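Pasting the structures here.
The two complexes that follow have chain A in common; it is paired with chain B in the first and with chain C in the second.
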Partner chain A sequence: MATARLPQSDETHNAGYGPQRAVRQFFHRPMNVVGVVLTVGILTLGLGARWIAPYQPDAANFSLSLALPSIHHWLGTDALGRDVLSRIIYGTNSSLLASFGAVLLAFVGGSVIGLVAGYWHNSLIDEILMRIMDAILVLPPLVLAVALTFVLGPGLANAVVAIAVIFSPQFARVVRSKVLTVRTLPFVEAARAAGSGHGRILFRHVLPSVVQPAIALATLNIGSAIIVQASLAYLGLGLQPPNPSWGFMVSSNINYLSQAPWLIFGPSIAIALSVFGITLVGQGLQGQ
Partner chain B sequence: MVQYLVRRILLSIPTALLVATIVFSLVHLVPGNPAVVILGVQASPQDVRTLDQQLHLNLPLWRQYIDWLGQLMQGNLGSSMIFKEPVTALLVQSLPRTVELSLVALVLAGAIGIPIGVLAGYRPHSIWDRLSLGLSTMGVVLPGFVIALLFIYLFTYKLHWLAIAGIAHTGTAVWVNPLAYSVPGLTLAIGLAGPLMRVLRGEVMAVASSDYTRTMRMMGISERRVLWKWVFKNALIPAITFLGTQLGLLMGGVVIIENIFSIPGMGNLIVTGIFNKDYPVVQGAVLAMAFMVIVVNLLVDAMYAVIDPRISYR
Partner chain C sequence: MYIFTKNLFKGDELTMMELKNKVASGLVGLFAASTLAACGTTASAPGPANTAANGPAHGGTLTIGTYTSYETFDPATSHTLLDLQIMDNIYGNLLQISSNGNLAPDLATHVSVSANGLQYVIDVRHGVKFQDGTPFNAAAVKYNWERIMNPATASVQVSNLGPVSSIVVNNPYQLTVYFSKPFAPFMDNLAGPIGMIASPTALQAEGSTFGSHPVGAGPFKFQSWVPNGAVTLVRYSHYWKSGAPYLNKVVFDPILSASTLVDALDNGQIQIADVLDPSQISQVQSSAAHVSQVPGLGWFGMNLNSASGPLRNVHNRRAIQYAVDRSVIRNIVFHGTGTLAYSQFSPSSWAYSPSLAVPFSDARAKAELASAGNPGGFSFTVQAQNTNKYILLTQILQSELAKVGITMHIQLLDLSTYITNLNSGAYQADFINMSGSLDPNSVSYIFDETSADVVKNGFNDPTVNSLLNAALATPNQAQRKQDYQTIAARMLKDVPMVNLINPAIIVGVANNVQGFINFPTQYFYLGRVSLTK
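So, the complex of A and B:
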């Protein structure tokens, strides 16, 4: 599965050291600032939905069906007279929860698999684990996620598991290849000579030195996870109605495309801005 | 090279087998009885038992697996529980639509991505470079269904270029009604063209600054000829290989796009199969898509071996 990588113009920036300098350099690039502002804004909307949203997400008002955007309803209302803006704000929760949760799960699961496979390099367990990871990579990611959510049953938690499965092979591969270079280094040998057990060597000594590329991969994957989550929700396999999710808001209002385009493009813009912001931050962090 | 190709083909057999195993375990290792999921929780134990027998769920798992694999080898994927037709027959009907849609998407992606990508690489920071940056950003941040709806809105309601009836899909082949494939193809092409442009841009930048291009210029060959005859041709191979590797992503897009435009292809088969809880159909269609990806990867590798004689294959 490809990670969301925004195309970049090829500016190079000065190498530096020290946390303060790194932070200053990070904020020196305008696109990084844009990314941070968008990400913080979206996180605020998601966490503070209850206080920020002007209406309850499922408060129907049939006398105001499909109202045009106005002062009272900035993005208009849907067929049931529900405030679109409030539904988008509440929808932030499920979208962010699912994508961050799925990437975290893939990060942990994939890293453990990569650690084990790399540490017992060329063993049967390495062979089995990595063959399975390869086979998952062959399956078209969204198709696998759709099939998994289907057999697990539609719902947010299952969508998170499905997305985690399609993202984990990347983590396993990155971590494994890093473990292969670390496992023969003197400090690992020393730990082994000192009589540390496999578990202690793996998690205490090997893990800290291989985790960094996996973290970089995670920040870049959150954007793709939002897209996959929205696509699952679009097919009705994500968070179940009446709870609002961006993808399902789009698909359930598809018949109003000509009549009330804000029903479609409101949540679409929310998806685009959150993917854009989070991916910019991920790329900025990776560029450090 | 023949040896390389044979080895490559043999190597993809275990992958295919493993993919088949994963697709099998998708349905069978997941908690809960598929029969209960299909019939609903209120179903009587009798009905569940009947369906269990019908789906051979009463046999031990290893038996089910061996039987399923044996049937698969003979090209039998079971039959649809809704349409009462063999899954293979449904796949044979829907495969051409998906292949046609994918080809339209690939051709359009090439038509958009190749010229813009080459110009962007040849003249960095020009208007073409900016255009490629904009288009590929759009492809990254917008899910396929948003791009599709944006195009429908733009082309039918705002510009009135197309009538909704004109792009409505009636299950015909691409040469019968090419218009029905235009917007869905374009939607999928945007997602592919973006990364393609960026790959080409990088390749062209590398080739354009190479020694032999400089020699060409020194020999007085015109800029245009240098660009299209040497730079472009050398950048094309990695670009085509890249498109081949994106097939998995394309298949994911196909599932959503076929659903939006009601194109009766394999993606639609999966989605309707899911809503009908038609396990054999979903299983068969997912497997067929995965096999398609394996075969195309094989073809891309083979093509690469034929086109590029520089690389020696162990």
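So, the complex of A and C:
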């Protein structure tokens, strides 16, 4: 069977001169470079917020309410006189933490569900798991995320769980369909014949062959997760005040749009650039 | 009794309806008997003349943009202020509030009260007809009030009517109302929803659908109501004030969004914006419109639960009071509108005491913390609705309290949970936005009287309780004023709540609107309003 040799050949390919060539190819495309620069920049801002941000994010100065952008406050101040730039920089943390965390959770949870359902194909457990996944898929993702966060209670951790739930069916579907092809391949049959248990077969033999598309999916989903996270924060369901988050900065300052537009532009641009950057990286990786 | 909120925290409005139901059940039967003598009170000042310079022009359509849609136009069952604003024009009122805040005759020409406060004699205007031709008279008033008192009506106005024992029609134009216990707010309430008298013929004919086909004796006749949309009223040509009203048509259009409301005012789509959010004031273009502000009768404050925890200690409550800079809240949250509040009575109320205040002082706050036995501060959680204004407000308070060592955690809740917790006392601190009606009893009793308390904040001061009940029982306003001021002073010391702001009523008015008066009650009487060409 042609497909039978594929994992094998991939392995030799990657083990040899592949990685360097792949990296070279990746950086050969200008959009990928843009994506990497943006992503690295955002990661640096987030991880280094403490050293980079000029002010504490919740340091209020009531006499400096809604100050214009100036040399002291590059992006001005909000209604409480807090430095907008510092809040955007600190807000990177919650955005990245929430989106990476949620996608990681969805990746792990969805993959396990996909593995189990695919391995025991057409069994009761497959039916139950996949019908649940279908039920989640059938609902509009943002509406479901809002409903879940509402039930769990507002907060960053609950927002992460909600985003993970709405993203997990995609991973489950992708992994399950891949498992369906892999489970009948000779090396799986061989493992079974050699007396391996289900757990060993699933995680030692099946998992490595099916995880690749899930990883690609994960990189693409991070961008969407940032948007969903910002939307939840916009609705007041994410990180709670006074902690800064981009989506919440937009919603809480929308009333000042005509008086102090810089309050909205900063976090909006931050959301747009991070989604753009991470999505470019994801697409670049998928194109490999 | 109205607890609402429109000007600032629009989400509260439901809270208030919720509270009001409690009020209706809580107030009845709690009126203390009183032996205080009282002098007869009489309302007889003439209403203000229209203010147009060259005599009002007739004709035209006035469109009013509102921030929410409407429920019912049956005065016995309406919950919301916006309904009342429209109903004031359909029904008129027995008494009216003049621009200086005093009571003035409208459909009632004279009201007198007996010395013991148990009998009110009301004379009604001669020769007035309801919009369906039914004569307006004392029997119609009696019919309306007995309908409110009938439990089958499930009227929310029972508490405004008070402990009425019987209503007797003396002659077609005079009735006497007998009370089982003195009920001082009755006089002020005649300018409220119970003063809105519906046509008995229409009430009988329409039955339960009367709320969407209202008939009164006011300046404007109900024409149409698009569900969730505009309400149109047209000029009632046989209105008792000859010549009035001046407008042909009045449209109340729910616009719902604060910024759209301002745009609509600026581009002439509406002539009155009811009401403006303080954040939108700067958007009103002076060439098209102006902003009319009047101190409302309501109050806004942080409610502290003294039943348990660190807030049980009065010194800790005082520390919060000292550590909060009300002017910062006024400037940032209320955009410089409203007045700093140190009691529940606003500058528009006759119970207001201008000398009442506490300084903003971190040093005093720290001294109180030391007296409380926790000089390093303490921590508590405040509950607030999950809206931008509350989020802004709580962050300001959090930052101010942190300066003296008090840690305030913020818990943002959806409206229904918030109300449930508020009414059951399941909070350490939260916020109340009360929009008052004319009588001071309406903004104080249900919060301060221990057995009537709808917010369960654990406040129990026997002196305040007896003063509140005494003020309810005597019709002597001078005595009542003294009682309410004593109550306010005691509460400022004991701090069951930190009153922050008396919000202003902020209305946007197009420059071609003449004769509009912005009342502290937020009523919208348009009988004297005209449009310049």
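One rule holds for everything that comes next: the second predicted complex is superposed on the first by the 271 of 288 C-alpha atoms of A that agree within 3 Å, B and C clash if a C-alpha of one lies under 4 Å from a C-alpha of the other, contacts with A are read in each partner's own complex, and residues count from 1 in each chain.
The criterion applied here is as follows: a residue touches a chain if its C-beta (ideal position, glycine included) is under 8 Å from a C-beta of that chain, and two chains touch if they have at least 3 such contacts.
As the structure is a computational prediction, the values presented were derived from the model and not from experiment.
Of the two partners, chain B and chain C, it is B that touches more residues of chain A.
By the touch criterion defined above, A:Ser196 lies against neither chain B nor chain C after alignment on the C-alpha atoms of chain A. Using the contact criterion defined above for the overlaid structures, shared-chain residue A:Ser177 touches neither chain B nor chain C, since it reaches no partner. In the superposition on chain A, contact of A:Tyr256 is made with chain C only, not with chain B. Of the two partner chains placed around the shared chain by superposition, neither chain B nor chain C is touched by A:Ser209. Of the two partner chains placed by the overlay, neither chain B nor chain C lies in contact with A:Gln286. When the two structures are aligned on the shared chain, A:Leu80 is found in touch with chain C, with no touch to chain B.
Applying the stated contact rule after C-alpha superposition, one finds that A:Asn243 touches neither chain B nor chain C. Contact with chain B, but none with chain C, is seen for A:Val143 once the two complexes are overlaid on the shared chain.
Within chain A, the residues touching chain B in one complex and chain C in the other are 150, 251, 254, 257-258.
Considering their complex, residues 1-2, 4-7, 9-10, 131-132, 134-144, 146-148, 150-153, 223, 227, 230-231, 234-235, 237, 247, 250-251, 254, 257-258, 261, 264-265, 268, 271-273, 275-276, 279 of chain A touch chain B. Contacts from chain B toward chain A in the complex involve residues 14-15, 18-19, 21-23, 26-27, 30, 32, 34, 37, 124-125, 129, 132-133, 136-137, 140-146, 149-150, 152-153, 156-157, 194-195, 197-198, 246-253, 255-256, 259-260, 267, 270-271, 274, 282, 286, 289-290, 293-294, 297. In the complex of the two chains, the chain A residues touching chain C come out as 58, 60, 62, 65, 79-80, 150, 154, 236, 240-242, 251-252, 254-259. Across the complex, chain C meets chain A through its residues 258-259, 277, 279, 282-283, 325, 328, 331-332, 386, 388, 391-392, 394-396, 398-399, 410, 412, 414.
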